[in-house]
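Pasting the structures in now, so scroll down.
Both of the next two complexes hold chain A, though its partner changes from chain B to chain C.
For the complex of A and B:
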């Protein structure tokens, strides 16, 4: 009896959790282990390992007598770190959180159909294949008068044409990534707003609350958890995001974030790639940065408490 | 019972069939790895045709063997990405038999054990190889031995639009004398930028000089003009001089300052680079001889009318960096590499057949690449349609090759970082030179010599 029950337990485990476990191991754990191993080798273009070494990490720093650690970050690496920080911070705060929130608030305040229409419009960038989306952006910011932006500026406002890719590269990648990122915040926050019991709104109105007060005292408190979630999730996503940066800017120095640097050194076409161990070392540092920021944000946003008990339910 | 015996007979037959198959093998499949490249469809195509020739020979000799070619055409954007892919395939034991590659990868291929040493093959088949232009063999050498066979060669140049020069008030004598002035070291890189800026400021063109937007051999040609010798062949190490880099980047900086090179040149797409010159917006383009075909088409010039073309366009080497110096050119041959597989002898013979005059001329004339054999220049097809290639030969006098060093790709990528940093105004020439030398030292380590 007990044997058959434990057998059933084992088969149930294999049937229900097996696929998820295989998925987890093959696609999430294995790559990290491979990365960890490769980062400590000399694997380069010939894809062979001749020795185990820490020299890849040595490439990121150089000896310095002034620094109390005895070394300091090399220019390229320091630059990649700062560009990553700026890119993640700006995209996250301006678009993924703030703009997502504004979209959710405004589209839920509109009549249902109109709101759904605007949400659908904002989802378009996410639905478009990335190459198509990037091509559209390339046309928008084309530095000549062919570009949409310059047509507007020159013919609409009589201004001189601008060259976004050359003069405002960070703004370009923040905006183009933000337009995609905002839709995710919008969706999650919209469904959270929808799940607030209607009677709370009626009660607030009955008490004489205006629209702003309703947002401040009824809606925003209910959004704390989804907002924290979006912040943590999108921080991690943006840290490793390079797809649109590469499609729009190529291997340009002005937008060489950590993820782009790792891609450039390993797989990007035609820019001295093939340094797999070096790229793995950069990726490993990125993984550590991701873990630390996730834990920090988890702590800062007090997610533990929020995860424990649903706050939206009103008893 | 009957069913079982039928089944077991079937299994036995099948087993026998599988086991016996290799004994009757008649097909030898040669895998050819090549990028699907608009600028050279006959590179793999000539191998396919060589297999037909070889099969005719085998049939005549009464052999029942048939050589088949399996083409592996990749969609890689450039030769570098393609070479990395073939190295990956090799690392998992999936090597092709013949690889069409850019010559500078020969070193990495040999080091990885992918490329077969072809010295014996070439020496034992003098009748197939003796007419190959000797300098081209340099491009396939790694540590003094040949690991490939040149497939084509080329010259690079600054294309200048004569119509714009005329519009800017330049005399016919001045225009006609430019190539000679460049070769004599009188007309320098700085003069070229001044000229481009003058043409642009006169309103004769929208843009001055356009160059490639990404990493590539053209930049090495310009670096060589500023006295940078990239390779120490004796030690098989790459080398660089900080002073040479500073001169080179200062030149780029001043060109951008004068408006002769667009500051965002490195963010252009290839299409917009081509369009700028072919659409007659740019006065000059820094690229290679295979541009001839598309230029003739864009300018509406008859393909056999060399005079009309040279009335409109002038070709010059990369001028010397300093007055009295030497101009430079760079030839960047594409080569056949034979992989060290069990089929390497057959593969090498296919390469030998594809290197012959008739097939190579089909490629050379069809895609405007200079030939690999001396005799090709005398062929009727060449004389009629190859006038551009013949005109390119004098430029070859100043040509150098890229070093066949496994880390040349990284070297090029890092020096290109400096180009980007200077042109976009991110760094001064001195800062860029410092940054590039530091990056080179860090990434190349012992493979680099810094001369000053």
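For the complex of A and C:
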């Protein structure tokens, strides 16, 4: 009796969770392990392993007795790290969170149809293929007077044309990524705002609150969880994102973030690619950074408490 | 502290009329109760008074001034929502203090009055809790405290006691009434509980399908209901309504002819007679008891006779009659209420007795 029921439990487990486990192992865990192994080899263009070594990390850091860590970052690595930090921080705070929040607040305050229309507009870049979106930006920031931005600047404001890619590369990749990233925050926050019981808004109005107070005391508290979620999720997504950077800037040094560096050294067309072990080492560091930031943000935004207890009550 | 008037107020939701051409006026300091079935427009009416909904047509006046375009936050109306609507992220104390934020009350003073009002509604021990840690009844009392703290000109209570137990409800009824008198605040209470309406209010407004069916003192509504709806909605156990024909000879119900007084134009009528006014004391119409329910202080019987099934009350806690027993039923002309069956309105100057 108990033997057959425990057998049934085991088979149920295998039948129901098996596929998911296989999927998880094959697509998520295995690549990390492969990456971990390859990072300590000399794998290059020929895709063979001749020796196990830490020399890939030697390309990123070098030993130094002056530094309290015992090593110093090499220039490329230092640059990639700081570019990544700036890129992730700016895109996240300006667009993915703040702008997403503003979009959600404004489009929910508009009449339903109009709000839906504006949200749809902001979703367009996400629906368009990346190449189309990148082409659009290339046209917008074209350094000659053909570019939309320069047409505006020159004919609209009588200013001199600017070369965004050359002079403001960080602004360009932050804005182009942000315009896409904001829509996710917008969608999640919109649905969260929608799920706030109407009576809370009514009560706040009757209690004397103006629009800003309603946002501060009714809306924002209900958005704490989705905001933490967006922050953690988008940080991870931005850390590894490189496609728009590559499409807009190519392998330019001015926007060589960690993810871009890993890509350039391995799969990107052109000189310098094919250094698989080197790329794996960079990726490994990126994975560690991702885990650490996720944990930090998780603590910082108190996600655990928020996950344990939903704060929105619906009566 | 405000005289409140509704003039021909209508609220449409698309093609549906939630409130249909209501006119009403409340004196300063008056306590009115709104009674009516679910969906009849009670909450909608309160929301229009609070400034949460705009009337589709008609005017709302506070102290004679039209306030249709005055925002909710400028009306100084305290409202307890049917769903309590407490702010989930704030503690009980913060919830109660919230309205004072916008009145620029000094912090110490605000906290003092919050604690006083919490004392009043018996939630002093709960001030540090979040609403999710409160029972329904506790949440209602917090909502009440929040509505009262700003000393509103008009207090709107949307079923504020529905989740309380019988004892607490009784004491809260008295508390609300006392606070209301003390502050002299004009109050409208929405309730499903007639006893609540009858005991607390100076005036009862009976609503049905978006319209005011009848308004008046509790006593007037009970003894002189203007419509069949008002008669049947108010009173528990409900009034007996017996369909019959008024003729020159009297009131014919089935095969029985009851004596009448007053005007006798032939017409279809409904005879209304409250259960406590039907007596089974050995003379009158023969009837057979079909059920007896002990209600505590009294017993409710249903008896079948030529008049149809009739409910009556006897003031004995143990049933006096058993099912199947034969009794005779009678009632006084003074207690009979006749309604014109076609218009469903009360007929003046005519009565029947058995």
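The rule is short, and it goes like this: the second predicted complex is superposed on the first by the 302 of 315 C-alpha atoms of A that agree within 3 Å, B and C clash if a C-alpha of one lies under 4 Å from a C-alpha of the other, contacts with A are read in each partner's own complex, and residues count from 1 in each chain.
As a convention for this text, a residue touches a chain if its C-beta (ideal position, glycine included) is under 8 Å from a C-beta of that chain, and two chains touch if they have at least 3 such contacts.
If you're wondering where the values come from, they're calculated on a predicted model, not measured in any experiment.
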| item | value |
| --- | --- |
| First (chain B), second (chain C), both or neither touched by A:166 | first |
| Partner chain in contact with A:74 - chain B first, chain C second, else both or neither | first |
| First (chain B), second (chain C), both or neither touched by A:222 | second |
| Partner chain in contact with A:269 - chain B first, chain C second, else both or neither | first |
| Which of chain B and chain C A:206 touches, first, second, both or neither | second |
| Which of chain B and chain C A:252 touches, first, second, both or neither | first |
| Set of chain A residues, in rising order, touched by both chain B and chain C | none |
| Residues of chain A touching chain C in the complex | 197, 199-200, 202-210, 213, 217-218, 221-222, 224, 309, 311-313, 315 |
| Of chain A, residues touching chain B in the complex | 45-48, 59, 62, 74-76, 143, 163, 165-166, 249-250, 252-254, 269-275, 278 |
| In the complex, chain B residues that touch chain A | 76-78, 80-81, 83-84, 87-88, 90-91, 108, 111-112, 214-216, 263-264, 266-267, 406, 409-414, 416-417, 420-421, 424, 426, 435, 438-439, 442-443 |
| Parts of chain C lying in touch with chain A, wherever the complex brings them together | 47, 50-52, 71-73, 75, 77-79, 81, 83-90, 98-99, 101-103, 131-132, 146, 150 |
